[in-house]
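Here the structure comes first, spelled out in structure tokens, and everything after it is commentary.
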Amino acid sequence: MTPTLNLWLIPVLPLAGAAINGFFGKKSSRTAVSTIALFFCGAAFLWALSVAWRFSSVAPVHQEYLAHWIRSGSFSADFAFYLDQLSLVMLLVVTGVGFLIHIYSVGYMWDDAGYYRFFSYLNLFMFFMLTLVLANNYLLMFIGWEGVGLASYLLIGFWFAKDSAASAGKKAFIVNRIGDFGFLIGLFLLIQHFGSLNFTQVFDLVTKLPAGPVTEGLLTTIGILLMVGACGKSAQIPLYVWLPDAMEGPTPVSALIHAATMVTAGVYMVARSHVIFERAPGALTVVAIIGTLTALFAATIGITQTDIKKVLAYSTVSQLGYMFMACGVGAFSAGIFHLMTHAFFKGLLFLAAGSVIHAVGGEQDMRKMGGLRTYIPWTFMTMGVATLAIAGIPPFAGFWSKDEILWKAYQANWIYWLIGLVTAFITSFYMFRLLFMTFFGDYHGHQVDAHGHARPAHGHDDHGHGEPHESPAVMLVPLMILAVLSVVGGLVGIGNGFEHFLAPVFGTGEATSAAGEGASHSLELLLMFVSVLVAASGAVLAWVLYVSKPYLPQKIAIALGDLYSAVLNKYYVDELYAALFVKPLVDGSTTILWQGVDRKVIDDSINDAADGAQQVSDNVRHMQSGNLRSYAGWIAAGSAVVIAYMIWLGVGR
Amino acid sequence: MSVHLVLFLAFGAVAVAGAVNLLAQTHPINSALSLIAVMAALAGEYLLLGAEFVAALQVIVYAGAVMVLFVFVIMLLNAGVEEQTTGSRVAILFGVPGAVLGSVLVAWVVLRHSGTGEVPAGALPGPPATIGPLLFHEFLLPFEITSILILIAIMGAVVLASKPPSAPVPPREEN
Amino acid sequence: MPIWLYILASVIKSAVVLVVLLTAVAYTVWLERKVVGHIQNRWGPTRVGPFGLLQPLADGLKLLVKEDLTPPHVYKPLYIAAPLIAIIFALTSIAVIPFGNPVTIYGYSIPLQVTTDVNTGLLLILGVTSIGVYGVALAGWSSNNKYSLLGGLRASAQMVSYEISLGLSLVGVLIMAGSFSLHDIVDSQAGHFASVTWPALDPVLRFIPRWNIFTGQIIGFFCYLTAAYAETNRIPFDLPEAETELVAGYHTEYSAMKFAMFFMAEYANMITVGCLATLLFFGGWHGPVFGPTILKAVLPVFWFAAKVFVFLFIYIWVRGTLPRFRYDQLMAFGWKFLLPLALVNVIATAIAVVW
Amino acid sequence: MVPLSYYLVLSGILFACGVVGFLIKRNIITIFMSIELMLNGVNLSFVAFAAHWHALAGQVFVFFVMVVAAAEATVGLAIIIAVYRTRETLNVDQVNLLKL
């Protein structure tokens, strides 16, 4: 590591911003708050850029040691940073998108009471996320992991006055705990078997492990446990339930944390520990299956949702499923690639949705929108770009990454490919549905909706209703930048450029497939064509249903009946969990822990102890009679006892 | 049965008798006098042990000064026969048996080693000439500290005892 | 010397000393009456015998045969014990006082004092005198009479107060002698001055003995004398028995032989004080010794007696001259003047000796 | 020759007498005297040990004990006088206000 890159600056800068805003923001003006937040976040971004610039001149893996942290026996975990192509990509994505969303938030949150709080939390999130990305050992990574969980909890529950927001925050936290539990056990296993959590050391040891069922079993266990953690953080089946509710948070939060960065931490983690997974085919398979199922499952739910942010949330879940599928089939670089592009266009989508909500005054129900493209053209255009990107229409970013994944999936197993294809179709369908319902047709802003799906306004009532209005420039500029990125972001993938860039990290994981590539190049082109076709057909179907014949969806819904309602209610998963886990837990803790243990055992024992003490002292009090001779008597008796004891001890001998 | 032992027993008998009499008497003045007897007997014991200086001090300081102070206070307060109040059952029920038991135990332990240490008469002649250097060199600091203690005691006595105009209690601890 | 001989000698010595002491006491009383009488321009006792020399016998007889009445309100045991205590301790203190160098009879050296020379004789005397307080105090208390009580209180307070000055005034002498033994103290005063610097002065100097009074203990002597007067409840410090204030102080209720005991105790104490003063400050039995052996043997005792007589005379002289202090004056004098003076003396002597 | 233990036993007896006196006496002055008695018992053992171990320091300790006893007697008696002035009694059983 010849030239030091001062990586530590990158996480610390946002932390400083968070501290300043958190401690002094309450008094200072909004301008000051936003200046500070933007300055530190932007500084981090610029530093990340400079790091990226100088990175080529550095050894492929750059480690930076900051300070001792834990040194117990042979085990050691330090505050040290680890930079390679993978973390560099994450670094740029996080800081870049984060910075843009910071800018956006300035406009979006301007009227909010907890302005300084919001930015302090946001910077805090940046700090933890960057720590997570840059950590050179699992423990430090776990710190970041938990930290982003904390930040996301704080931000989901940002409007904690609202029950739904508070409970959503709690839900996210608890569900993540389940995942973190698995993650922790995985880490313990690592410590037990490798005596270290340092990436390089662990991976060296893993590669050195002798092949065989024992090694495979161990690594599979570890991998699956890590996978559980990833599922929690990246909202995969069965732990995805918190993400849709997380939409209770402000929209920039949804964009930054629950679309672009945090939820991808799981993917990053899996990719980071690819060495382990590559030696554990079982774990990989699990990852692939979970990813695939999640993608399809969430996509189907996304069809029926009418809340604009929910739709985006489910699409996020399904896109994350794509990434996991990629990792599952060993195409880590493809997964990361999609992660990057997805960060662009999904962030853009959320921001645009936020702009829409902002425009229509806090309304989130798409059925009360429509025809907005004339009111808010810029939002419409950027959102259109994003939609095309996610739908996988070339040459937009989504196309390249998704196609890459599908191609790899096909090489691994054609079932993955098929499901991925179906998911792609559904994706493009519901995305265009969203687009059409929102921007086409005519505006239903003030009419009462038929289904009575009234959703509470999100703390933006002070905007007042009336004619939808375009968002301020400070919100639009990030939209445009992201739109540009969504357009060109995928081009780095042409000719496996991105894959080669990441090659030092993932090694020759794809070499085999690269070998077979030349042979089946025509096949790849064919699949590419099919997927584009599918995406287009999805778009067309959406057009038919929601623009040309708007009465059809009702009919279909009625025709489908139970299935439709099941999908509409997200397959009753929440209710299922409530019945399976939540209710028993609540009842058990109420009856056994609260009434039983706490009341009967703890409280009673303490009260009895107190009463006993009082009674005892009531009696003992009379010993203090104030009579000199009584005291002397006690002293004499006590001294006699002491003397007897000492003699018994044998002092006399 | 050497002369030394005889004298020891004689003085010891006087001392114990005085001590018991101190407890038996109900009038403080008699108790005081019996205590003086005890002190005189102890002075005799000290002489037997060869500690002449200590014996003389015992007579001068204790018998001649401290006890005079006691008698003075008894006379001043005109203390009469003590009334037999039963203020403390504890002292009688636990204290006295405890004290007796403790002393008996100690005596038992000590007597089990009887005959180990023989103390000859005048074993350690403690003339002032030998005490002096010890007192003013080895134990100079404690000596000075006790002087300060005495000074404080004087002031304390004066402050405590001289509120209303009455017979002054002469601070009385030099010697 | 065999033990029986030792005991015999002790018995004889005690008898002699006792007789002499009591006689001296009796005639000190006579002397006092005579001298005070002459000071007050009277004759004093003249009737009984020539110059009333038999007066003490008459007094003793009278006190012996008088009815010994015990008031009903007294606390009897102590009322009886008090005079005994007084007289016993008064006589005891004489025991350690040497009257001269040991004389050798049939090769046996016999010290001229009741006990052998204990090397803490002075301490013993101090202790005994301090015990002597009880006689007065208990007498005052036990006679259950407010005058007596006041007398007893005064006596105890006064005596304990002046005891301090007394002890401190002796320290100077002790420093110079370097011993508690009265013998050593006396021996340390043997000889006479001799100037090395000015031989011319020697004829004068050699007539000045090396008594402590001349070797710088003049202040100590003054302190000792004053404190001793207070210790013996003599004028000007006879507060405990101030006839004019409290009828007769602690011995108001006493009569006959008990009273006589107090009386004798007082005078015995006077004699003891005189002896001590002689021993400590005036060279004891040292003096010009000459003539045949027998004279050589007797003269020291004579010198000793003479010096003691001088002190007794001074006692009486003072009594005839000075008025009585007030009680507060007594205390103030004792604590604020005499004690500091004695301390200064001690320090000065110590510095001088170390020099 | 007298065994050291005899002296110790004697001092122990005196001390015990002091303790018992403290316990059974009502007159505060007498109680105070019992304390002095205890001190004397301790002094005796000091001197005996000094003679036994041929260490004069024991006698010096006795000296200090005496000094402390004198000081304590002074202050204590002054306190007794003050108490008597206020409470008009010397009976410790009636001087028991210092309690809950």
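By letter and in written order, the chains are A, B, C and D; residue numbering begins at 1 in each of them.
Throughout what follows, a contact is a pair of C-beta atoms (placed from the backbone, for glycine too) under 8 Å apart; a residue touches a chain by one contact, two chains touch by 3 or more.
According to UniProt, the chain labels map to these proteins: D = NADH-quinone oxidoreductase subunit K.
Remember, it's a predicted structure, so these values are computed and weren't measured experimentally.
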For this session: Find me the chain with the mean Cα position closest to the mean of all the protein Cα atoms on display.
Result: D
Exercise. In whole angstrom, what separates the CA-based centres of chain B and chain D?
Worked result: 6
Exercise. Can you give the whole-Å distance between the Cα centres of chain C and chain D?
Worked result: 34
Problem set entry | Computed distance of Cα centres, chain C from chain A, in Å | 111
Exercise. Can you give the whole-Å distance between the Cα centres of chain B and chain C?
Worked result: 29
Exercise. Taking each residue of chain D in turn, which ones touch at least two of the other chains?
Worked result: 19, 23-24, 26, 92-93, 96
Problem set entry | Multi-partner residues of chain A (at least 2 other chains) | 625, 627, 629, 632-633, 636
For this session: By the touch definition up top, name every chain pair that qualifies.
Result: A-B, A-D, B-C, B-D
Seminar exercise, completed: In the complex, chain B touches chain C at residues 29-30, 33, 36, 52-53, 56, 59-60, 63-65, 68-69, 71-72, 74-76, 78, 127-129, 167-168, 170, 172, 174-175
Exercise. Which residues of chain B touch chain D in their complex?
Worked result: 2, 4-5, 8, 12, 15-16, 19-20, 22-23, 28, 31-32, 35, 38-39, 42, 45-46, 48-51, 53-54, 57-58, 61-62, 65-67, 69-70, 73-74, 76-77, 79, 82-88, 91-92, 95-96, 99-100, 102-103, 106-107, 110-111, 113-121, 123-124, 126, 130-131, 134-135, 138-139, 142-143, 146, 149-150, 152-154, 156-158, 160-161, 163-164, 169, 171-173, 175
For this session: Could you pull out which chain B residues touch chain A in their complex?
Result: 87-88, 90-99, 101-102, 105-106, 109, 112
Problem set entry | chain A partner contacts - residues on chain D that touch it in the complex | 19, 22-24, 26, 31, 92-93, 95-100
For this session: Would you mind writing out the residues of chain C in touch with chain B in their complex?
Result: 75, 77-78, 118-120, 123-124, 126-128, 130-131, 133-134, 137-138, 140-141, 149, 152-153, 156-157, 159-161, 163-164, 167, 178-180, 331, 335
